[in-house]
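A, B, C, D and E are the chain letters, set down in written order, and residue numbers restart from 1 in every chain.
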């Protein structure tokens, strides 16, 4: 007979319940704006408190940004990096998803290739990049390939977990109703893998960008990684942050204009959690 | 030993500084000069810079340009010359490139990036002597030094500007020096080889530990004398140097000896200022930061000026 | 075996279940409003057994969810039997944890002082004795539904909510379980509310039957049964069922 | 009336079906051995074909391995790196899972913190590491913290996707039967998150190891990253591969002795796909 | 409306469904063997309607899965009605794709030449007209089951397999759907096999009823009904049901 929150709330008296049909206090846009403002404030305060050359305040970074933006240099390097990131992302997601789904659905294949996967997961980026440059020359193809090879095992692992949890009931339904392979993939398999795909692509694009920085550091003559390394040698943290934030801004734009609407659309069928 | 001062030096594990300090400790030259030198090895150049700023080491090896630039933004690092060895632009032994003027439509690897001092000087020299813009008329590849060295060996690059011990190794492998950073500087107006890299430490450390700095610099001088004259001392360094073969070993030794600064600090400082103005002109604010002249105090003043 | 004429326990010990829903609207995925319930109001006397009958999709499950506190976005008010007693629910689907065995599923629902209780009899009468250590994925649907019943009956609830508990079971098993339900319900002062499409089942078990209309649900009528359960034999049923079916067409 | 494979197979005649109750052709251990042997063979052939200083054949790597193993050096560096990897892994998984689950279950919180998450996902490892070293000194705590901070956003993203797909029906069941918070977490929530956790930890440990290499490069005096970078400066690929493979061997051991038995146990309830 | 006395189509056009399962054993998660079926053998004449009745958990769904080709690890043999026609199945659970609307779920099952067919009548008679563009998560269980029936009826199958198709539905809806089923079944030469626990439903619809024992399932008996469907009125049922219930105790 221990008192219990829910019981208390309903026991006491005839409780009046209003029909509250989802009216959030702030609009989504406002929340995002608030969030960014909070982040900026936090950074500014930290910069003032730390008062160190290593954590410049927002104005210093803005200045560094304008310096390189005015010459168009920043946009050039950003574009080069984005080109590499996008190419490697498409490659890695496509190849990794296929391998991951196959391994997740086929125990025998998985047992055989699992050690290979672990090997490729754990080869340092440096090794892959250097080997790629040495074998295929210091060119874009080698750079993009090296980034993709670094990312593919991660995609495989995530998609494999997803494929392992595929609903057998729906698969059976599809086979009884003779769905073609394409129809099964599109309407039965992929929707179930959506959360895994989302996880793989979100963490993927950030990992790819980080590897792109190393690739550019080791053997490219442009791109954000090239610039960041240059400024690191000069220990110009403001400039490093300016380039970093420029990339983050691009990612945020993609997130809000592309990813979130797409996700909202592809998960609209999901019953919403009460009160959210 | 209790009253001896200690100094922590951040070094590159496979770098030349490591060789020198190893020889110093082997010969007991540091304790003889009243200082305990503690070696803190790192795997990368950037790591030593981070370590100095994080206060985890008292001294590292870096260049005066870096010191001057940081001083201009408020840091108090200072500089004592360590070596005049700098990078060189190398071409394969059988290359038909004879001078900077022949570098046109070639692929050139540049270690250290577009703001590397030697690269700037060599570009300026090419513009002055041969009237060509190296960066514009060639295919420039910036990249990691070991990777570029390997690419040069593979023949993918027609020329490579690399740091001195990579250059020395390439030389031992049959490459020849087209022009070195020192040559370029001298042809552009310095009166002698300028020590580009040196011991870097904080002014406040020097103030608090004058005996440590004094002892260390004395021990450094003694070690250089030893290494300049004794081949036996080099034999002991063999395992550290990881030279592939005898030719590489002797080239490395030879180039090291050539790099020992021999000029008076005053001459050094004067040439450095010339060089700085030159670099400020070529590299612009991007390279040197807001200051257009060498920041005062970049060269360490131990109070016994000119000794 | 079963105490079929449980005396309604004295009031004060427990309150009646009072339900008054003046409206419930869902927001569909496309943003459209789906009106599920228009107006439902009924009460269930403490310790008695009530049944909800209504067409498929009319709002019965929604009503139960509101009573269970799982849906708080509705117009109206609600009063649960007091006393802090526990609530047991048999959902329309088994809702077992697939990664726990049948027995673990049941035991997890027990309160801390009850853990480790002897459940042999319960599993035996439900025909689950052999299935205790199986995972839900290895059960037939009927077995899974019985496991869900075991969970509800094991916790000695003071309010029992059942959403079509006996579908997907053969007649023999179903009638055995109806007896078990009566036992569990009458052993303690338990108020019960059941949804069913089976009028026979309803008249056998209930003190009160509440008929609902098509969606959006409104009250169609309330039918109280005063005949003691022991007297509800085949003959009585033959008389009652057609009468009810005539009054509330389409339920039989 | 297009002929169809399944229909064909069963239409033609009274078909005899044997009762084949899962008898794999090779035992799992043998498959793994075959897999590793295949990998070795592939490498060896590639090394012979490439015949380059950059892709040494297995014996050269074995030699480099013995050289550093004999002095105990290799094991020392490996142990240091493993220590950092494990500490950072535990930290990152614990913190990241908690944040991820909270964000996945709470739309409002997620809307607010999503931009922060994207920022932290995309800050280059270099920046975080340098800041950590400069602020907290070149010590183990800073190193491990920097690695964890790099990994946490990845864990958050993956666990958040998982938490978004939590089964509402089971959650309701748990609330009706008054499961305590701990019981709900352990018996309802965590089992559903298992595949996401598995994905996050597999990709996680490899990412952490890669970041550990950078951390060691930038400010530690030991560890595999330290060694690999030294050998990179000498372009001694055999030694680099020796250290890499030593780490991979440790990971493979963990995979086969710990992770796979654990996973087999925690997913034993899953109905198995036919023929696997 | 419905053609209740469908003449059995001439043989040759289609073969009988012949099922002969001499054993089916599951391997449980703990490694134990679970014997689900001992020995089942029956045939269903082409174009006729058969019903499987057996206690909960005896192996009915397992039998259907074997017929559907979803489980190939059994001892025995199987012959499907020839002709390459399609198979429609109503599973024991709705098995709708949660991320597709009701209508999309139905249309996805249609063959390519049928896509775009007019389904208005079908949805109307199933009471799903309003629900076509809703997602399965927004349906009540009864509505979801009807959507699964819509999918099965939409594809004009030559073999129709139904696992308890009419549970969780109110009587009025259920009887409307039974009529629909008879229509669909008699419109084309369709062989049908249904599992049910409702003997009334079985005698109303079937040409043959197959009774199974407890798990592991064996044949308990086969009962053929020759009375034309049009003549199976209430009086006939009152006579047949008790007779059957007496012969196969526990089924009513």
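Heads up, the rule we're going with is that a contact is a pair of C-beta atoms (placed from the backbone, for glycine too) under 8 Å apart; a residue touches a chain by one contact, two chains touch by 3 or more.
Nothing here was measured: the structure is a model prediction, and the numbers come from that model.
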### Query
Through how few touching steps can chain B be joined to chain C?
2
### Query
Measuring centre to centre with C-alpha atoms, which chain is farthest from chain C?
B
### Task
Report, in whole Å, the distance between the mean C-alpha point of chain A and the mean C-alpha point of chain C.
47
### Task
Express in whole angstrom the distance between the two chain centres, defined as the mean CA positions of chain C and chain E.
28
### Query
Measuring from the mean C-alpha position of chain B to the mean C-alpha position of chain D, what distance in angstrom results?
41
### Query
Touching two or more other chains, which residues of chain B qualify?
46, 53, 144, 150
### Query
Which positions in chain E touch two or more other chains at once?
29, 69-70, 93, 135, 137-138
### Summary
Residues of chain A that touch two or more other chains sit at 4, 6, 54, 130, 134, 175, 178, 232, 268-271
### Query
Taking the complex as given, what residues does chain A use to touch chain B?
53-54, 130, 133-134, 137-138, 217-221, 226, 229-230, 232-235
### Task
Within their complex, state which residues of chain C touch chain D.
65, 68-70, 86-89, 91, 93, 95, 97-100, 108-109, 111, 135-138, 151, 155
### Task
Mind listing the chain C positions that touch chain E in their complex?
26, 28-30, 34, 53-57, 60-61, 92-93, 127, 133-135, 137-143, 146, 164, 167-174, 197, 199, 250-252
## Note on the structure
In the complex, chain A touches chain D at residues 4, 6, 24, 28, 31-32, 34-36, 38-39, 50, 52, 54-55, 105-108, 111-116, 118-119, 121-127, 130-131, 134-135, 153-154, 157-158, 160-162, 164-165, 168, 175, 178, 195-196, 198-199, 202-203, 206-207, 209-210, 213, 228, 232, 237, 240-241, 244, 247-248, 251-252, 255, 267, 270-271, 273, 276
### Message
Touching residues of chain B toward chain A in the complex: what are they?
### Response
46, 49, 53, 66, 69-70, 73-75, 112-115, 140-144, 147, 150-151, 154, 156, 287, 289
